[in-house]
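Shared between the two complexes below is chain A, which pairs with chain B and chain C, respectively.
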Partner chain A sequence: MSRLQKTLRKYALAASTAMSERIAYPGNFVGSMFTYALFVFIFSRVWAGAYAGATEIAGYTMSMAVWYFIIAEIPSFGFGRFFSTLSRDMKSGQIAYLLARPYDFIGYSMAEKLGGSLMEAGIILAEGLVVGLVLVGLPPAIASGYPAGSSSLALEAARSGFLVVSLLLAGALNFFLQIALAMTAFWLEENEAFFWIFQKFALVVGTLIPIEFLPEKVARIAVWTPFPYLSYAPARIMVAFSPAEALSLVARQALWVFMALLLARAVFASGSRRLSVNGG
Partner chain B sequence: MTAITADRLGKTFTTRIRPTGRFSAARSLFRPELRCIEAVKGVSFEVEEGELVAFLGPNGAGKSTTIKMLMGILQPSEGTARVLGLDPTRDRVELSRYVGAVFGQKSQLWFHLPPSDSFRLLGAIYEIDEDDRKWREAELVERFGLAPYMDVPVRKLSLGERIRCELAASLLPSPLVLFLDEPTIGLDIVAKREIRQLLAEAARIDDTTIFLTSHDMGDIEKVCKRAIIIHHGEVVIDESMKALKHRALSLKHVGVRYALPVDLDLPGLSPVKRTTLAASYEVDTRKHSLAEVVRALASRGELEDITIEDEPLENVIASIYATKSGTEAQAFGSQRGETETRTGEVIHE
Partner chain C sequence: MKIKDAQAPVARFRGRFKAYARFMTAAFLVNVKATLEYRVNFILQFFGMMLNNAAFAAFWKVLLDRVGKVGGYGFSDVMLLWALVSSSFGLAHIVFGNVRQLGRIIMEGSLDVYLLQPKDVWLNVLASKTIVSAWGDFAYGYIVLAMMTGTELERFALFTALIIPGALIFAATFAAVESLAFLIGNSSALSSALTEFMLSFSLYPEGVYGTGLRWMLYTIVPSGFVAFLPLRVFRSLDWGLVLLLYLVAALYVGLSYGLFNLGLRRYESGNRMDARL
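Right, the complex of A and B next:
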């Protein structure tokens, strides 16, 4: 086995082991699934009220708005807990074990944490598709119909492909931003406030509502921040798919993932020199 | 060959002082009051390959901090360390290939999964060929008696069973140096004895250098050949276990029980405990001949029972821990050491 194969096996096995640990208790997913379904139901009612007497708001029909929320919430439920698990490892002193291993710390943590969360994100996605069908019917593009012929199938396949890629990039972006925030614990004893602010920005800019719903000036600034690429990008691909826009969104997501990776590496390089391990 | 070198190794942590008073919390946001804590102060020692070293000290003495600096997890504030010829801070990832660790209060096993899954992942992390990993795992399972636990989720194992698995997991990549930070904490007597045997065996079979911190004198006596005592961040004693035990030998506990009441006071020696028929004495053999004390006690009346015990090693170490500063502890150590060099023969009053 080559060195590269060994390295890849290390990270793949970390991801699959983390996934096995998560599914050891299938009951763990029940709480998330229930809360997610409840949120979607409540928001579908909110949108029903908002759309009373209106067929479209900022280019979105009610069906689009509901489907948007269904997809935009997936990163929050699937990839929203990296900060707390990483912070817990740092504060409990478990980081002593994690750092004393022959691997790239950021890469391994990503394999373990992001890999482990893929199952949960997949389950929430499947649930979302079912809940969406029950509440508002087929997703917008299918409902309105594609041009006849084989191109509709190709477009649908492209949309699914872009959606999966965009969700994975959202997961990676979430991971790198959250690990960078968690690693502020190298300097600060209490860093929860940073994550709280991060969560609120992520919620307002692209999760609860599409950024087209924001005031124009705010939306213009928001697109230059990483927040729309945490949830807006995959949700937009789902409800208003065009290959050109999807490619642009995914490319911008990839760029932000790269920048967040650099940020996480910089924080780790600087912070690990200041580490003080708790708990003996 | 030298496995570990610590040369004037020191670590200072800066912590924020929690403010008191009405506006001081807000003021501290802008002008925080900081306090420097010297956890380790210029510690120096060398450990040879294959040595079994106990690294002792009271809580907060700097033991764990030193271990973490030697593993490259913490960066020293001063001094240097070399482990297997590598600089732990600069070569942390490279060093981790050859160094294992067991932190008694932490776990490296996946809690909801059986240990076999953690072993498989550790094999991949250390890039051990699958066949080699299986062979090594089978050997460790046999040696540590882990067969009944390998497929049971870790959460269902007792603490003793888990620590055995943790120890075996640390030995999976055949580390050249094994750091153990209180590996028997919380274990019952039987489990402790098992772990000590396994540790001593690991050192013998794999020729692993063992660097062990523990508060349990049994761990230290049964496993280690040398003791380094650290106190207030400084090394106060660094000598063989034999020499350390010798410190304890100058004080004997003598217990007697008579058939009839007798005068229990000896010239210059009073019992530390007494009843009508029995008494116990602490005999400092530097002041009193043990043989004479025994003869004197036997001449007092008809003895029903007599016991002579060494002072527990624990008491010697506790008395070192009880000193207020590192310098005081050093003085205590050398003072006791000096008297021992003079003894060997009994000093009469």
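Right, the complex of A and C next:
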């Protein structure tokens, strides 16, 4: 077995252990599922009110807006809460035990946190599909501009594939940005404020509302930040799929994941030098 | 002698009222002191809550700039709705900070420490804690009010008069569902569900809900009394209806208090060694 294979196996094991832990307590999913369904229901009513005098707003129909919200909320529910456990590990000194072990701290944390949350994200996605079908019917048809000769089945498969990849990239981006924020605990005891600001930007820029709804100038700035790639990208793929746009969105997501990884590594390299461990 | 006898219950009520007012003031001041002990935490939570509320304000601004009205509400209506709900919810958790811990306290059998004290158990347990982040919610309402309607004194007075019954209804409803712990043991799932329902339904325009839901919003999930009716009163500057809201609040408090005391008969101590510091 090559060294790379061994390393991958190690992290895969960490991810599957975290997932098994989550599955062992299925009751823990109930709260998230309930809140998610309530949010989707209320927002479907809000959108119904907003579309009372219009069939289309900023290029979105009511069905698109509801389905957009259903998908955009999945990263928030599935991947939106890494910060608190990561930050707690730093402050409690738990990190001292993690650093001494034979694995890369960021890689291991990613496997553990992201692996553990995949099950929850999957359940929320399945729930969202059911709730969406009940509230507004089938997801919007695939947007125009297909490659000539492609069958609708192949395109539906492509949409599903891009959606899953985009959700996974949203999870990875969420993780790297949140661990970078959590590692500010190397310098500051009270670092929650950074996370709150991050969370609220993510909420406004692409989660509650598509970025096409934002004023033009704001939207133009927003696309240069990582926020649209946390939830806008998968939601847009779901409601207005075209292979070219999906490819572009996924590529930009991947680029942001890479940059966020570099940021996390830089913060870790700088911050871990300041770590002082006391006690036995 | 007869006149003295007739006056005795009134005097006793007045005396007890004064004693409880002193008690509530003392509890409030102790809680404030405890909060200010952790100043950085207080400031962070204060601004964190305001930031959270501001994010939703941004959402509504963007949406309503596009569509004008949703469910009959314009931007200022939604902002005032948020102001009323936010300040009422904040006030409820500042004064009755233990309200959403009540179920856990009952379940763990930790009421003993309150049972041994010479004050009403329900009031004592609810008022013995404050929630730091609630100050941010409370202040947010007044900031929005100042931004939306200016600094007109009557508006501030009416707003304050409206958030008090709102806070009482919030506290009474949460306390009632938490008190179910006497009967069903763990009421945390029910309590979380009701909290989510009440907050979520209160923060969006009444018009978006169908008639089938309206009955619920004026009964078991009383968003109507903490959000929609107060907004109408505030808009019309109708002081007469404020009294109605106080009567509704008294009804909710009475029912919640009754349910707690009914359940208290089934209470079993956890034999824990607790102390109130």
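As a convention for this text, the second predicted complex is superposed on the first by the 266 of 280 C-alpha atoms of A that agree within 3 Å, B and C clash if a C-alpha of one lies under 4 Å from a C-alpha of the other, contacts with A are read in each partner's own complex, and residues count from 1 in each chain.
The rule we apply is simple: contacts are C-beta pairs under 8 Å (C-beta built on N, C-alpha and C of every residue); 3 or more make two chains touch, one makes a residue touch a chain.
Please read all numbers here as calculations on a predicted model, not as lab measurements.
Q: Using the superposition on chain A, tell me whether chain B and chain C clash or fit.
A: Verdict on chain A: chain B and chain C fit.
Q: Please work out whether A:151 is in contact with chain B alone, chain C alone, both, or neither, and reply first, second, both or neither.
A: A:151 sits against neither chain B nor chain C.
Q: Which of the two partners, first being chain B and second being chain C, lies in contact with A:101: first, second, both, or neither?
A: first
Q: Who does A:270 touch here: chain B (first), chain C (second), both, or neither?
A: A:270 contacts neither chain B nor chain C.
Q: Given the touch rule stated above, what does A:38 touch, chain B (first), chain C (second), both, or neither?
A: So A:38 only meets chain C here.
Q: Counting only touches as set out at the top, which of chain B and chain C does A:84 meet: first, second, both, neither?
A: neither
Q: Let me test your reading of the model: by the given contact rule, A:24 touches which partner, first (chain B), second (chain C), both or neither?
A: The first partner, chain B, only.
Q: Angle at the Cα centre of chain A spanned by the Cα centres of chain C and chain B: state it in steps of 10 degrees.
A: So the angle at the centre of chain A is 80 degrees.
Q: In whole Å, what is the nearest CA distance you get between chain B and chain C after the fit?
A: Comparing every C-alpha of chain B with every C-alpha of chain C, the smallest gap is 8 Å.
Q: Quick check on the complex: what are the chain C residues that touch chain A?
A: So the residues of chain C touching chain A come out as 40-41, 44, 47-48, 51-52, 54-56, 58-59, 62-63, 65-68, 70-71, 189, 192-193, 196-197, 200-201, 204-205, 207-210.
Q: In the complex, go through chain B and note every residue touching chain A.
A: Spelled out, the residues of chain B in touch with chain A are 13, 16, 59, 64, 68, 71-75, 92-94, 96-97, 99, 101, 103, 105-106, 108, 110-113, 117-118, 120-121, 124-127, 129, 153, 181-182.
Q: Write out the stretch or stretches of chain A touching chain C in their complex.
A: Chain A reaches chain C through residues 30-31, 34-35, 38-39, 42, 45-46, 48-54, 57-58, 190, 192-193, 196-197, 200, 203-204, 208-209, 213-215.
Q: Could you list, by residue number, the parts of chain A that touch chain B in their complex?
A: Touch list, chain A to chain B: 1, 3, 6-7, 9-10, 13-14, 17, 20-21, 24-25, 92-97, 99-104, 108, 189, 273-277, 279-280.
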